[in-house]
Amino acid sequence: MVPTQYYLVLSAILFGLGAVAFVFKRNIITIFMSIELMLNAVNLAFVAFSQAFGKVEGQVFVLFVIVVAAAEAAVGLGIIILIQRNRQSLNIEKVNLLKL
Amino acid sequence: MAENVNQNASAVVEHLRAWNSKAVEEVIEFHGETTIVVHHTLLRSVALECRDALQFNLLSDATCVDRYPVEPRFELQYHLTSIPNRTKIRLRTRVPGDQPNVDSLVPVWLGAGWLEREIFDLMGINFNDHPDLRRILLPDDWKGHPLRKDYPVEGFRDIPATYLPGLKK
Amino acid sequence: MSPVLLIFFVLAGLAVLGALSLVLQKHPIHSALSLIVVMVCLAGLYLLMGAEFVAAVQIIVYGGAIMVLFIFVIMLLNAGAEERTDFSKLAKIAGLPLALALTASIAAAVVKPDPGVPAVTQVVIPNATEKISSMLFNEFVYPFELTSFLILVAILGALVLAQREKK
Amino acid sequence: MIAFLQQYAFWIITIVKIALLLFIVLTVNAYLTWFERKAVAHIQSRWGPHRVGPHGLLQPAADGLKFLFKEDVTPAGVDRFVYYLAPFLSLMLSLTALAVIPFAPNPLPFKILGEHVYLWITNPDIGLLILFAITALSVYGIALAGWASNSKYSLMGGLRSSAQMISYELALTMSVVGVLLMANTFSLQSIIEQQANAKWGVGFLGWNIIAWTHQGLFFPQIIGFICFFTSAIAETNRAPFDLPEAESELVAGFHTEYSSFKFAMFFIAEYTAMITVSCLATILFFGGWLSPFASTPFWHFTYYIPSITLIPFGLWVIYDGLKYETIFGKLILPAIGFAMFAIGGALIALPAVNDYIQPIFWFTAKIFVFLFFYVWARGTLPRLRYDQLMNVGWKLLLPVSIANVIVTAGVVIARSYR
Amino acid sequence: MTTSVETATGVKKTMVLNMGPQHPSTHGVLRILLELDGETVLKAVPDVGYLHTGIEKSCEDKTYSQATTLTDRMDYLNPLGNNLVYALAVEKLLGLEVPKRAQYIRVMMVELQRISSHLVWLGTHAIDLGAMSVFLYCFREREEILKLFELFAGQRMMTSYIRIGGVALEPPAGWRDRVGKFLGMMPSRIDEYEALLTENRIWMARTKGVGVIKLEDAIAYSMTGPTLRAAGLAYDNRKVFPYSSYEEFDFSVPTRTDSDCFARYMLRIAEMRESLKIVKQAMEKISDSGPIKSEAAGIIPPQREKMKTEMEALIYHFKIFTEGFSPAPGEAYVTIESPRGELGCFIASDGSAKPLRCHFRSPSFINLQALPMIVEGQIIADVVACIGTIDIVLGDVDR
Amino acid sequence: MNDSGLHAYGPLVIHLLVAATLAGIIASLSKLIGWRRPNKAKQQAYECGMEPTGDAREPFSVKFYLVAMIFILFDVEAIFLYPWALVFRRLGMYGFVEMMIYIAILLVGYFYLWKKGALDWHK
């Protein structure tokens, strides 16, 4: 049996790496992907706790997180497409203005 | 049927003569075919008249004969068909070899587009107002116009070897 | 080391490698592939914990739908390799240390044995899938219905965004 | 040694089973190409392969060798890692999908190393979901192949087919919900077992396609099945939905730039997916390994159907082989024929074996019917246009399968209140 | 060629795609530059000439009878029709009358050729749209026609069977049985194709409303043949300007009004049935004996028997095959109805033994130039269907 | 994970590994055995015998994004349909009504998409 802490440490590492990617990556799509990575890390913690306490609420919550992530991806990538169309670039440095 | 064609053709000649006395330079009858020779500056207006007043709605063919060394050396031939009247005539115009320019008939029949490109490609006659006058059968960088009589049948020996993209250095 | 623990370490290692690769890869497609590796590894970990249903959903929705959309968008926009621009000063000065500090603090908090956490080992929930289902359609019925609204709104939003492009 | 074997018996047996399954599946794949070429050829009034071996039976081997010795061209400008990853992913995932298919209900009648040996690699409670998860991932093989090749035809083919696959995946998952509503389980084995409801001595009335259970008539899943199988054909990129490789427009679609065995890998993946999908259709709608006849004394003679098919066919093969022109054919074909004849005879002589073979026979027979459908469609139908294909998926199959879910749910509810 | 397709707007959203020359469904070596927005064709620029063999130039260096063999090679699905139009043009130039028996044989052969050409068209068009079986069925029947050609001419494809002044050979023994057998088999085979395609939902979806060419556009682009007739105009050279005794045959000119790919498909099917009728009538009209070449000393090679007995015959034979013959100066333009439309031959003579100019009006070439008009705005899969139903033969386009 | 879980998913993982090895062997086999004599023309990307014009990885139609986006959203619906089907009998009428409301809301979105032409591939 794997101790719950192991999962939590893994979750923390993944979250941290997601945060690092979020800060360091220049490409909006990759930045968006690092958000997904962080969400995944959180999901892992949810499931780990759910299994640790023997209750399935955590897993139900994970389902909702996944649904929200799906909706977020759909809209977010739509925005990214628009950004690319308007600025001809996906570099976050070049898209830091609020107006065109 | 063959006689019918001729009768209508003579009516065409009559009409064209009545429309513009200078339009018809010469009428040639040969084996039941009527050739109306027009001056190359009048070609487009005659063609328009043929299409609109005489119902020659189908441009069957357009080609060119090189009568080198006779001048004017080029003879453009337009074969017109009137589908409603079941008539065929041939419009001919002579184009000098030093300045082979003639008005394009694309504004009259859209179908003339590629036929005239072909003539341009193989005979080297320029068509004014042609929307897309490029070589069609030969490569863009081909030199000369092969259907001219002064172009040897075997071609020139130094064919540029540029048509194999993979081998191009 | 028990086989379960071994599997855990293999999967966890792969997941961390994938996440690292997400950070280090220059081309977005490679980053996306790394993320898919992470997700599949996480699904494996869910299986390892006994959360079968969540594992399947993780792969079907995250791996099979969301990441496909990412790959599509990368292909559509022809996003090339990342340009190496200078980091903004804020990121350089504050970003990395903050991110590392965050990771470290979470990890430290987790590793430190806390008497508040009653069970540190995993328990097996029998019939987990059915329990999740029942719970989803009984206790969580309102959130469940709300998700449909969320999706509806997302449909409208994405459509508006995509249609605007046409003009 | 023995002790070690017995301790890890489960795992050893599993590995052997996997090796056997993959071997069988790859062989079946090879002969599926042979069968397809033969069947399509006969539809088109020609012979098909007939040079390599008797009736072209060695053609698959020749093809394989040819693929192996072909020049392995890697175009310039490809993304090498992804370019190699794509066929690998395709093949790996399509082979993995077979792991959750149960092929027969009972373990082998004898124990090996003290373990019961079941005819499946694994049979998890959420088998169906696992299968869908694997299918969901297989879209990457094609999308990445198209992208990595750095060719416009490949990219278009890749994008087209990935869009096609995800569109039809939706209809595919939705059309199965009707079955799930009646079965209330994700386990493939349980889904089959719930269909064992013979009515008036006719077994197939209980199958989900008719859905005549002990509670009475449920909503027959005919519509669900049609949606499922249509989507399945599209999902496996087969005619008339073979747009990704529509050679008349996109030359070879996403695998235009692939040569030698990398190309063959896509091919094997496609054929394996065909087999998987046929298995799934059989399990979900046609009672899996269940015989279409009830197990009453009256229907006992149906136990001899395997023998009845094998013996005459074996005799015919012997006869056909003896008049074959080459020595090779004169030897091989009668040998195959004799083997069939012998198996047929053995099944009559050994009732225990015959009993055991029944579910496998029916399962295989049903799969074969679906595979024949695939081939038949390819020989008969023109190809849809891409927009028409998307319309069929989104505007026809999706709403119809949702309606099927609603109606089935309604019928199930109505039954439970009666 | 460096044909450039400019992008529609300044922002580059489109993709330029080479379709052809090495493409499975451009029916040879046609190249089309497509500018695509997704799957939609914004602009199409056909590029031909990859099969240009300079036949017209070569003709100018051959005697009149030598050039016959060159015409076979233009439209390789209609060599007999090319022979016929060339022979008719030279005969017109010479003022030569062809015996009726030869004329009927010509009609029969050309109509068989039309069926075989339509079969190739149907097969390739069907395989373009994914119906693989129809392709093989069509080629199975075409094989029978090619066998008939071999029977008549000793050659399957490049027959050069129709010569100036008549046909090359006496019909072989037993030809009536063979042709009769073919005629008996063919109608049911056409039914077979129709059973596979006409009512097929997918086939209809792929062809109905696709590639519409309006009548006025078709005439403006000089399109002829099935394309024009599918737009509703019964313009057929066999009826309008009859040649080779077509006026004696009883057949109808099928027309359709939808002018889409499906209409053109239905039209060609109907034309095959009409051609069968013509072949049948021709068979009845061809007498068992009679001249197959006109008698014209110095122009038509004399019969073998005469060469062995008459001095003049031998001299004429020698002269015809060394010097050729010299028609009077003048021009002749003849059009016939080839399977693809109006096939014309223009010959200018300057009184020498070789033509001054020999030009062929090839229907494929002229019909193809309307392709951009048809496909722009359609999607890429329809381009294939449109190329298919225009029925081009690149040998004919490029000559 | 308990022992039965290991027995359920262990073989799956082994199968995955074996399949991966097999695919890897096949891929490397062709690399080892197949001969290669590359030249410039051969390595060119296929474009019907012409030199490719422009880059193949060019921006593409946004329609593909729309399809993938709609797919995600309906995939989520399907994901909820599955657990629902699992416990449907126990939920009874309550579950039926619940899911009908859910489906109805999504169908609104579906018909909106249809009406707006998002499902028309070619307008």
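Observations on the structure shown:
Chains: A, B, C, D, E and F, in written order; residue numbering restarts at 1 for each.
Just so it is clear, contacts are C-beta pairs under 8 Å (C-beta built on N, C-alpha and C of every residue); 3 or more make two chains touch, one makes a residue touch a chain.
Everything quoted here is computed from the prediction, not taken from an experiment.
Located most centrally within the structure is F, per distance between chain CA means and the overall CA mean. A count of contacting C-beta pairs for A-F and for D-E identifies D-E as the more extensively joined pair. Rounded to whole angstrom, the centroid-to-centroid distance between chain E and chain F, based on C-alpha atoms, equals 48 Å. Inter-chain centre distance (chain A to chain E, centres taken as mean C-alpha positions): 65 Å.
Centre-to-centre spacing of chain A and chain C amounts to 6 Å, using the average Cα coordinate of each chain. The distance from the centre of chain A to the centre of chain B, with each centre set as the mean of the Cα atoms, comes to 70 Å.
Counting only residues that touch two or more partner chains, chain C has 4, 48-50, 53, 57, 60-61, 64-66, 68-69, 72-73, 75-77, 122, 124, 129, 132, 136, 147, 151, 154-155, 158, 162, 165.
In chain A, 1, 63, 66-67, 70-71, 73-74, 77-78, 81, 85 are the positions where the chain touches two or more neighbouring chains simultaneously. Shared contact sites, meaning residues of chain E that touch two or more other chains, fall at 15, 17, 23, 39, 379. By the touch rule above, chain C contacts chain F in their complex via residues 3-4, 7, 44, 47-50, 53, 57, 60-61, 64-66, 68-69, 72-73, 75-78, 80, 122, 124, 129-130, 132-134, 136-138, 141, 144-145, 147-149, 151-152, 154-156, 158-159, 162-163, 165-166. For chain D in complex with chain E, the touching residues are 40, 43-46, 152-153, 156, 239-240, 242, 246-249, 251, 378-388.
If you check the complex, the residues on chain D that touch chain F are 10-11, 14-15, 17-19, 22, 67-77, 84, 87-88, 91-93, 95-96, 98-100, 121-125, 129-130, 147, 149-155, 159, 163, 166-167, 169-170, 173-174, 177, 180-181, 184-186, 251, 256-257, 260-262, 264-265, 386-387, 390-391, 394-395, 398-399, 402, 405-406, 409-410, 412-413, 416-417.
Contacts from chain E toward chain B in the complex involve residues 1-3, 48-49, 52, 54, 56-58, 60-61, 92-93, 95, 219-224, 233, 235, 240-242, 247, 330-333, 335, 342, 344, 346, 348, 350, 356-357, 359, 361, 365-366, 368-369, 398-399. Here chain A touches chain C in the complex through residues 1-10, 12-27, 29-30, 32-34, 36-37, 40, 43-44, 47-48, 50-57, 59-60, 62-64, 66-75, 77-82, 84-85, 90-91, 93, going by the rule given at the top.
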